Amino acid sequence: MALNEALILAILASSLVPGLIIFVLAESRIRLRTTLNLFGAVAKLILVGVLLAGVSAGEIYGFRHTVLPGLDLVVKADALALLFATLSAVLWLFTTLYAIGYLEGSPHRSRFFGFFSLCVTATMGIAMAGNLFTFFVFYELLTLATYPLVVHRGTPQAMRGGTVYLAYTLGGGALLLTGIVWLHGLTGSVDFAHGGYLSALGPDYGGQLQFVFLLLIAGVGVKAALVPLHGWLPQAMVAPAPVSALLHAVAVVKAGAFGVERIVYEVYGVEFAQSLDLLTPLAAVAAVTIVWGSFRALFQNDLKKRLAYSTVSQVSYIVLGTALFGPVGTVGGLVHLVHQGIMKITLFFCAGNYAETLGVHKVSELDGAGRRMPLTTLAFSIAALGMMGAPLTAGAVSKAWLLDGAAEAGMHWAGWVLWTSSVLNAAYFLPILWRAWARPAPAVWPEERVPARGRIETLWLLLLPPLATAIMTIAAAVFADSAWSPLAWARLIAAREYSGAMP
Amino acid sequence: MTDPIAWLILLPLFWATAAFLLGPGRGARLAIAALLAQCGLALQLAADVIDGGARTHAVGGWGAPLGIDLAVGGLSALMLVLTQAIALPLAVYARAYFADGAPAVRYFWTLTGFLLAGLNALFLAADLFNLYVTLELVGLAAVGLVAAGGSARQVAAALRYLFAALVGSVMYLLGVALIYGAHGTVSLQTLAPLVDARAPAAVWIACGLMLAGLMLKTAIFPFHYWLPPAHGGAPAPVSALLSALVVKASFYLILRLSLEVFAPLAATAATALGLLGAAAIAWGSWQALRTVHIKMLVAWSTVAQLGYLFLVFPLLAPDGLALQAGVMQAIAHGLAKAAMFAAVGVLMLATGRDTLEGLAGVAGRMPLTLFAFGLAGVTLMGLPPSGGFLAKWLLIEAALTHGQWGWVAVVIAGGLLAAAYVFRVLRQAFLLAPADSPFHPVPRSMEWTAFVLATASMLLGLQGVELMSLLAAGS
Amino acid sequence: MSGGMIFAGAGAVLFTMGLVGVVLIGPLLRRILAFNVMGSGAFLVLVGLAQRDGGADPVPQAMVLTGIVVAVASTALALALARRLHRLTGRTTLSATDDD
Amino acid sequence: MIPLLKRAAVILAAASFAGALVFAMLDLPAPGVHLPAAVEANMAASGVAHPVTAVLLNFRGYDTLLEVGVLLLALLGVLAVGARATPPAPAPGEPVKRMFARLAAPLMVLVAVYLLWAGAIQPGGAFQAGAVLGAAAVLLHLTGILPGWGAPGLRLRAGLAAGFLIFLVVAGALLAQGAVLAYPPAQAGRLILLIEAGLTVSLGLILAGLFLALSRDSGDEA
């Protein structure tokens, strides 16, 4: 096996193997489990770094295994794959740290971390899938590996959330499968390619391809929480905070949004999709989702539910960017894939901190939280401002590119949608910030579990990850023009897709 | 000397008889050793077929049509490998399961030996009348295994099963009689060139009778009534053998006869068979969603999964997609269902209860077994990367290629229904256990055999090329 | 019509009668008998149809001998089960409620 | 009770099926393959003189091997479902019947031996002989001389399995020289006789067992 094949398999193995070992570990082997977890996460990060360097130098990494005559499992690392893989690898490390702290002393941790590692393996597979078949394999694996995490607590509420999650995602998977097999029947086993591969079929297939597009987008749209397929996401917030982070930032909704990117750019090809009139309806769906998600978020008193609706809205920024025909919009969508992940994971980490430390679950209980937990609240504020698109945050960068993209594509209504969403974002985030910083703290918190020790407001392991991701939120904006920023990488991908100059 | 074809039949007959001579309950170690040898023989045969194509063994040296031929091709070699590969881990499982000397074990090993001999003989037979004898061998052994538990429920289930099996056999036999009357031979090889679409009415009737008889034995809707009590009521290793292998045997026969000798007539019934398959999926799944007994749930799932096998018939075409799908489904379901019954047997022993409710909390106590159940469930749902997924993929592709939309919907809906009933179990297992629930330790070997079978059904999805090249060899 | 054909026709009728019996009759003993009638019908067809032109054919005769032995074996097992069921439950029929 | 309508429908359907079947059979052309000729041509090599025996034990001997397996299997099933109670003591029969049975049994054994021997040249053979032996055992049981069966002991098990085992060993041994049950023509007659002798004993025991094991179950019937 060539070194390049081994490298790409090692990326999958770096979470799969520790995960499988963790499954069989006894509950009491805490130290070994933690070591395995961290070893896997760090190893993955290093491997992704090696690949990043290689891919930008033009190296090709791929692995192919034929499962049936004419049906290949293909894993390969291209620029788009690495955008998502890097995001997941980085955030996985932080989420792992956070989860170790969060779950300290709770039961069934071997099971939890086992499935946790499987989730990340599946996400890496989705990122590096080289064709639709492989994408689907890992996409469904992700569904299965997440279910035990969603129902981890075993309460009736968790069970209900898990059932809703399954009903949506398996249903979506069925649609996706139909679409994928259909395309397979038309073209045979074809790898993802810049500019898509369906345009070669010719105009006779236009109607079929439009219908298949509907199937595929509906399939990935469930995970991307496109309205009206978003119903599972607010229900799934019953899961423990690290799982929410996984669902909202690292893996699940990202997998859906990433799927939209792959389908539009590398299956249909953005120009061919435009010629089939597919992009405008997609943009319309995204716009509706953006506004509807933000609007619903306004009325949620449960903090995690409010964040969940916020995710519904924000993930569709990515879809909207994809649907804006033009390189600038593409960059906006791609870069938001990363930026939204960083910001949203910060928010969920902080929400978890409030719940774990103070027993605060509701927005109305957050009065004075900023004084009791200043660092957490600071991180929360940075991320929330980023979501609104405030200057010097990652959110501002994505929003600027998306607005330019809308203007370039001549879709001015999309610009208005983005502005409306920003206003709504402010309307549901600012009251939280105001409560946390300006209102006096109550005499007694709902359920204070971790006492403050001097300046340390909660456990170290709970505090460090949100601070780190909050700093990344700012860094992504401040260093946006450097060669290694998400923005630079997104521009590289867009340049390859449109086979033209770098936007 | 070492022609695996003949030894695959004689060896199990030998050890079955030896187990009988050893006395009630004895023979486990002998069976496991012999099954190891049978696995080797089956693999050797598969390798032979890949290298040298299909071949026959003329019993008695006469050759058809005067004598009886045994024939092996890609399809039969696959079924033989599957049979031995499932039987071996199940034997290990059964040895632990029956360690307490339950009454059902007294004739378990010898009956199992006859059952496996019958299955192997059936897969190898190339003679319509010889097939009748092998069908009886399989049927009586299976009924004996179900009845051996001795409770009223089991005896009633066995009797119901026996009537279905016997009536099925006699219908098949009348079909054979008509074929002999029409063509003067029962050798498949001799018959093949004689049967064409202008066959006389008696041959059509014969085909119909044989098909109906075999459908009764396969328990396809609406002939499924005997299966759930028999498979749901038998001891776990027996249920596993029956669901994984025995019902597949008569399906294999339908498939083989409709592909080879009766191909010119088979297309007539194809759509009807597909519709029955769809009905089986719907009805079996619905019942699996309703039952409160965990083992009945798995048994009803067999009814549903058999439906998939019959979806193959309307889609059979020279491109071979549907045939591949059917074979893949048969193998994947065989492994997964064996694993599932084995896992359920462990869970029932451990909790001492047979209802879904009793499963609360097993996720924490028996993670390995639950994981095995889950993996097997993934195959039944047809999710990647399992063998069941490849089967589903091929079925959908075959249906789309021929523009037959309805079947796509059936396959997709069937997968979702399977998910619904599999997750009924998993969901229950994740619930918190009541504090006072009793819990009995179970031998680890049982947990691991279930897990190995489930993992095999999963990894099958990555080895499709090898399986399909064996299937294509010698056909 | 040759002698063989008469046997075959009678076999067809017997088979059908037996089938009707198996479907319609509840009591187990009579149902087992009905199954035997079915079997005899099939045997008659096998032998009769093959010898419809008058010549003797040893092949179906040997097959029928095999078939008879198999039928004896099946009948014995069926009787044993029916008897056991009667001992355990006092019933001589299969009830519809066994189906879960 | 079954509704009249369903009854009528089943009977009507069956009648039309029978009618169609008879007409279809009348309509059959002569078969393309004529096996009696092939049997005739190979009789010399079969080792026996009677064509049915030749088919049964030589040309299609493999069917017969499996068929004996089926019979043994049925007995296993009967034993497996049976109660494990000790066999009831034989009911004392009437003296006249007992005397008749004691007289008849040896004669029946004699008939069985004759049937076995005759099978090589005329109707007869192991199955008929075994059936007569089985009948003798049933007769002895019904007259209270032979008790019903509990779980069979080692010697009885050996007797039950012997015929099948001999058949199997012959098949395996011949496989070592080529094909299953491919008798060398010179030894065919002797080997078939060996198999038939073994089968006669075992079939007699099995058939008797099917009755005697069942009979045991009736012991304490309410």
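By letter and in written order, the chains are A, B, C and D; residue numbering begins at 1 in each of them.
Going forward, contacts are C-beta pairs under 8 Å (C-beta built on N, C-alpha and C of every residue); 3 or more make two chains touch, one makes a residue touch a chain.
Quick caveat, the model's predicted, so the values are computed rather than measured.
Chemist: Going by C-alpha centres, which chain is most central here?
Modeler: B
Chemist: Averaging each chain's C-alpha atoms to get its centre, pick out the one most distant from chain D.
Modeler: Between chain D and every other chain, the largest centroid distance is to A.
Chemist: When contacts are scored as defined above, which chain pair ends up with more C-beta pairs, B-D or A-B?
Modeler: B-D
Chemist: Taking each chain's centre as the mean position of its Cα atoms, how many Å separate chain B from chain D?
Modeler: About 30 Å separates the centre of chain B from that of chain D.
Chemist: Please work out the Cα centroid separation of chain A and chain D, and write it as a whole number of Å.
Modeler: 72
Chemist: Quick one: chain A and chain C, Cα centre-to-centre, how many Å?
Modeler: 67
Chemist: So how far apart, in whole Å, are chain A and chain B when each is placed at the average of its C-alpha atoms?
Modeler: It comes to 43 Å between the two C-alpha centres.
Chemist: Where in chain B do residues touch at least two different other chains?
Modeler: Residue numbers touching two or more other chains: 129, 133, 136, 140, 143-144, 147, 150, 155, 158, 178, 180-181, 184.
Chemist: Provide the list of chain C residues touching at least two other chains, using ranges where the numbers run on.
Modeler: Correct list: 8, 15, 19, 45, 49-50, 52, 59, 63, 66, 70, 73-74, 77, 81, 84.
Chemist: Which residues of chain D are in contact with two or more other chains?
Modeler: 21, 25, 28, 31, 35, 39, 59-60, 63, 67, 70, 73-74, 77, 81
Chemist: For this entry, which pairs of chains touch?
Modeler: Applying the touch rule to all chain pairs gives A-B, B-C, B-D, C-D.
Chemist: For the complex, which residues does chain D have touching chain B?
Modeler: 20-21, 23-25, 27-29, 31-35, 38-39, 42, 58-63, 66-67, 69-70, 72-74, 76-77, 79-81, 84, 151, 154, 157-158, 160-161, 164-165, 168, 171-172, 175-176, 178-183
Chemist: Quick check: in the complex, which residue numbers of chain C touch chain D?
Modeler: 1, 5, 8-9, 12-13, 15-17, 19-20, 23-24, 26, 45, 49-50, 52-53, 55-59, 61-63, 65-66, 69-70, 72-74, 76-77, 79-81, 83-84, 87, 90
Chemist: Taking the complex as given, what residues does chain B use to touch chain A?
Modeler: 324, 363-364, 367-368, 371, 378, 381, 383-385, 389-390, 392-394, 396-397, 400-401, 408, 412, 415-416, 419, 423, 426-427, 430-432, 461-465, 468
Chemist: Give every residue of chain B touching chain D within the complex, in rising order.
Modeler: It comes out as residues 1, 3, 6-7, 9-10, 13-14, 17, 20-21, 23-24, 57-62, 65-68, 103, 106-107, 110-111, 114, 117-118, 121, 129-130, 133-134, 136-137, 140-141, 143-144, 147-148, 150, 155, 158, 178, 180-185, 190, 194, 200-202, 204-205.
Chemist: Residue numbers of chain A touching chain B in their complex, please.
Modeler: 23-24, 65-69, 71, 73, 107-108, 110-111, 136-138, 140-141, 143-144, 147-148, 151, 154-155, 159, 162-163, 166, 170-171, 173-174, 177-178, 181-182, 184-185
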